[in-house]
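I am attaching a structure below and will ask some questions about it afterwards.
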Amino acid sequence: MEDLGLKIFGAILTTIMAFTVGMTYGGIVRKLTARVQNRYGPPVYQNFLDLLKLQSKKTNIAHGFMGHMAPVWIIIAAVTVLMFIPILNGNLWFPNLSFHGDLIFLLYMMVFGSLGMALGAGQTGNPNSAIGVTRGLSQMVGYEIPFVLALVALMIQFQTTSVQDLTQVQHETGVWNAFANPFAFLAALLASLGMFRYSPFDIVGAPAELASGPVSEFGGKYLGTMMSGGAVFAFIKLTLYVHLFFGGAGNPDDSGILATLAGIGILLVKTFLLYMIPVFYGWINPRYRTEQAIRYFWGWPTALGIVGVLWAVFFN
Amino acid sequence: MENDKNSQKIVDYIGNFARKHSLFVLAYGTGCGAIEIPATMTSRYDAERFGIRGAATPRQADVLLITGYLSTKTLKRVIRVYEQMQEPKYVIGFGSCTVNGGMYYDSYNTINGLDQYIPVDVYINGCMPRPEAVISGFVKLQELIMAGKANNGEKYRENLEHYRSNQKKIIKNWKMPDYNW
Amino acid sequence: MTDLVKENILLNAVTSAFKIEGKVIRDRRVEVHADKNTVSSILLFAKKQLGYIHMNHMTCIDWIEQGEFELVYTIYHPVDKLTLFVKTRIDREIPVMENIDTIWDHANTYEREMREMFGIEFPGLVGEHDFILEDWDQIPPMRKEFDTHKYAAETFYTRPGREDAKDVREELSKRSGTVVPDFAKKYSRE
Amino acid sequence: MVREKETTLYIGPQHPGITGNMMVKLKVQGDTVVSAATHVGYLHRAFEKLIERRNWIQAFTLLCRFCVPEPDPMELTYARAVEELDNREVPERAKYIRVIVMELARMQSFMLWYAGQSGSAGLYLTPQWSVGDRNYILDLFEDLTGGRIYHMYIWPGGVRRDLPEGWTDKTLRTMDYIEKRLDEYNKILFDNTIFQKRAQGVGIVPKDKAIEWGVVGPVLRGTGIKSDVRIDEPYEVYDKIDFDVPTQEGGDIWARALVRKEEVRQSIRIIRQAIADMPGGAYYNKVSNPMKWTVPAGQAWAKTESVRGEIGFHVTSDGGNKPYRVHVKGAAYTHGVTVLEKILPGQNIADVSFILNSLGVCPPEIER
């Protein structure tokens, strides 16, 4: 039973860490954005204050059952996916369920949050929400293709679908997958631009077009819960990318306190740098129209993904 | 939730602290004062350092900023927007024309005195108020929030009949849903 | 400016074609006075024959003492840079005017506004009746007999002045020891 | 993604994408607009009625509020109409000062347009820069007139006060700074491929219909027709100053953006010339007692080129001390209603706010 206790403790620790890191990154991005825009900017912990304020709203209106469930659904989906991805490369403190899930399963699970959002937004009856959901799903169709191609390339190259094994391979050979299959990596990187929904791919909640899209009718606690879910999802995507392409973080053979802390440090550095790519891109670019965004993803990123698959098939 | 002025509970204190530092302003330029809002939000005056940022829809907003005079046609929309906002919510009257009509005191289409129709927390006077004045108005609102004195939504709920009768005096064709939360 | 050649040619062209009065106001400004029934044919003539293809403006002036509305159509020639005013007067009691939004599309907006603000009817004008106002049940507000101050004072809440409000001139003169000049005294608050 | 079903979508009055406070009612099929209708009146303050109750000078406090982003062209146009009625001469120096004020107004309004145009496209960096830099121009106005936004500076017969000491030097320094910054803006917005992709071929105003629809200003110049009140009917001292009027072919958002981009450079050029050529002397042909001032009976039509196009004032006097009737034609009056309703069908919903900004729709000018 000690094992189970450790697991539960690890799971709670993982969730707290994912939430904190996701929120803090959001705050850092706000601060950096402000500096780029010649401003002083809000404090780094501003997102926590916003969340606290939203959660302490005294009235909260829900539009029907799905409107009530959508934020819960999102956070459940976020925590579930979080359990299935390796946090520190098989570190004993954060084992969670990462040994049981594989990439294909993860792909399915990551859509779950959006699905909850879609159902909830549909029930609010706001046309902006409906259009926002349609746009979100269209965009997902766009970026999922290069992303899946990149993952397929990795699966073919290393003959495994397990995230754990993919990380292990990088640890053993010392070569990051980003270099082992650069085409797949680039395809996935470009797809990540759409995944993080910064400009030019913020078409879902485009303020000048759709107010704030699917979340138009959500306020107070619901919006706060969605914000937390979003923060966890950001951390999930970043960690997954780091483990798939950047050799993960931490040493699977050493689970001592120091090694764990060092692993967390490396994870933070890698995820932050990765996070900066869509953010940098977003600072200086206006927004695409929906069909332009899809055309973008089906252009170069998809081509790179196909090359990545061919590379995996013929050169390894 | 009781909000005793003298003895705030620790929960209230934390809540008020968060509310104070995170004010989502509804992006609704109801009048000409809206021209100074971009200046307030952007690089020279940068209101975001106080946690003030724009919100796109009334559901997400905390502060309704009435930027200037309200025509009767807009008043109807403002009431609708105000009622959609979630409590605790605050209203800032911006510019002289919200106080007493200002230079439009004799216009047949603008209201004089915003607080007859919706409760107002803070008035910022001037025509038009400079960004510094706007920020000082927000700081004043923050002080009120921290002292637990900004209870706009409660005031509206408790005196709903008073406000309704005033509103219906002006808006002739009343086709709006009831205030139900 | 100089001899106003272009202006006189224009004036002659319009006045001789329709047998109406007109005059050259100054350089680049020519006005003609027309009967309300000929206005649309003058405008069409000016647009098709003379090349006045841009309509700048369309306004209505309420001459309450004469019991008439004056309508002024301002049209412009983009090449000659001349402005032609076509003025007409219609009865204030039966305000009906020909609809010209078939000649210029954007005349529709002006006419809708006039219908709302002066109560002038334009037969065949499309568009909702509420253009600017909403649920307006008084007389059209831009008519001279509508007293906006009285209406505002009756309808809207008037905030009473402050009890301690002071007259600025008196206060300043008291503080600085100067005398309020005579001409300023009539503006003082009693 | 064309679906049979039509949805009604209201953009505004409370919507982040709308310019000011108005409403566009759209019928939408999928992502495509089928029909559009403009609803205005949310900002109706009955200015024209109120001006009839004010005397000639008091009207200025109301006038400048007609269109909030650019108050000065309104003052100038009204002042010119009143001068025409009153046969009042304007001193040469005042004319130069007016030109400088006009071009500064054009620049500050350009910067707001810039923010609106890139903000509605989803680029949030340049709005922060340009609205921030706009404050430097407003500082100049503040030094000159005492007000940031509303100035009440131009009066019939001249301007209200002379240039303060050192103001011209400060203006020239600000112009140098703005010119440097404009290069940086252009790198961010105009060199951006995504902006080009979004702006090109969208919101086309056809060249053959443009004049008939009453299109004016940069929108008309964006269709390739050279039309500018400053050269068509030179007022003040624009005929003594050397400047170009840029035009572009195409009639789409991109063409209009390029026209405006070039126009603001011309403004800088005009200001530099006007400061260099400025004569001395009086700045105000004084009205003896403005409160009792009467203007001879008559009608006058004056027009001025504002940043969004031609602004016209039709001023009628019955010989009294109050205007009998003042009717304003703003540039947005046709852009915001007729033109918008005509060019929106067939566009993507994503472009509605983009087109609104590009046409320079200013609701307070439509309903006044």
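Chains here go by letter, A, B, C and D, matching the order in which they are written, and residues are numbered from 1 within each.
One rule holds in what follows: a contact is a pair of C-beta atoms (placed from the backbone, for glycine too) under 8 Å apart; a residue touches a chain by one contact, two chains touch by 3 or more.
Since the structure is predicted, the reported quantities are computational estimates derived from the model, not experimental observations.
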Revision key, fill the gap. One chain's C-alpha mean falls closest to the whole-protein C-alpha mean, and that chain is D
Check your understanding: Where the CA atoms of subunit A average out and where those of subunit B average out, how many Å apart are those spots?
Key -> 37
Review point. Between subunit B and subunit D, what is the gap in Å from one C-alpha centre to the other?
Key: 30
Check your understanding: From the C-alpha centre of subunit A to that of subunit C, how far is it in Å?
Key -> 61
Study note, to complete from the structure: subunit A to subunit D, mean C-alpha position gap in Å, rounds to 45
Check your understanding: Which positions in subunit A touch two or more other chains at once?
Key -> 37-39, 207, 211
**Study point:** Junction residues of subunit B - those touching two or more other chains
**Key:** 27, 42-43, 56, 58, 73, 106-110
Practice item. Give the residues of subunit D that touch two or more other chains, as numbers and ranges in rising order. Key: 16, 41, 44, 46, 49-50, 53, 128-129, 132
Check your understanding: So that we know how the chains sit together, what is the shape of their touch graph: line, ring, star, complete or other?
Key -> other
Study note, to complete from the structure: subunit B residues touching subunit A in their complex are 1, 14-15, 18-19, 21-22, 24, 27, 42-43, 46, 48-49, 51, 53, 55-62, 85-88, 153, 181
**Study point:** Contact footprint of subunit B on subunit A as seen in their complex
**Key:** 30, 34, 37-43, 46, 49-50, 52-53, 56-61, 207, 211-212, 215-220, 223
Point to revise | Interfacial residue positions of subunit B with respect to subunit D in the complex | key: 26-32, 34-36, 38-39, 42-44, 54, 56, 58, 69, 71, 73-74, 77, 81, 103-104, 106-110, 127-128, 130
Point to revise | Touching residues (chain side subunit C, partner subunit B) in the complex | key: 133-135, 137-138, 141, 146, 148-149, 151-153, 155-159
Practice item. Going by the contact rule at the top, pick out the subunit D residues touching subunit A in the complex. Key: 1, 7-9, 15-17, 31, 118-125, 128-129, 132, 188-189, 192, 194-195, 197-198, 348-354
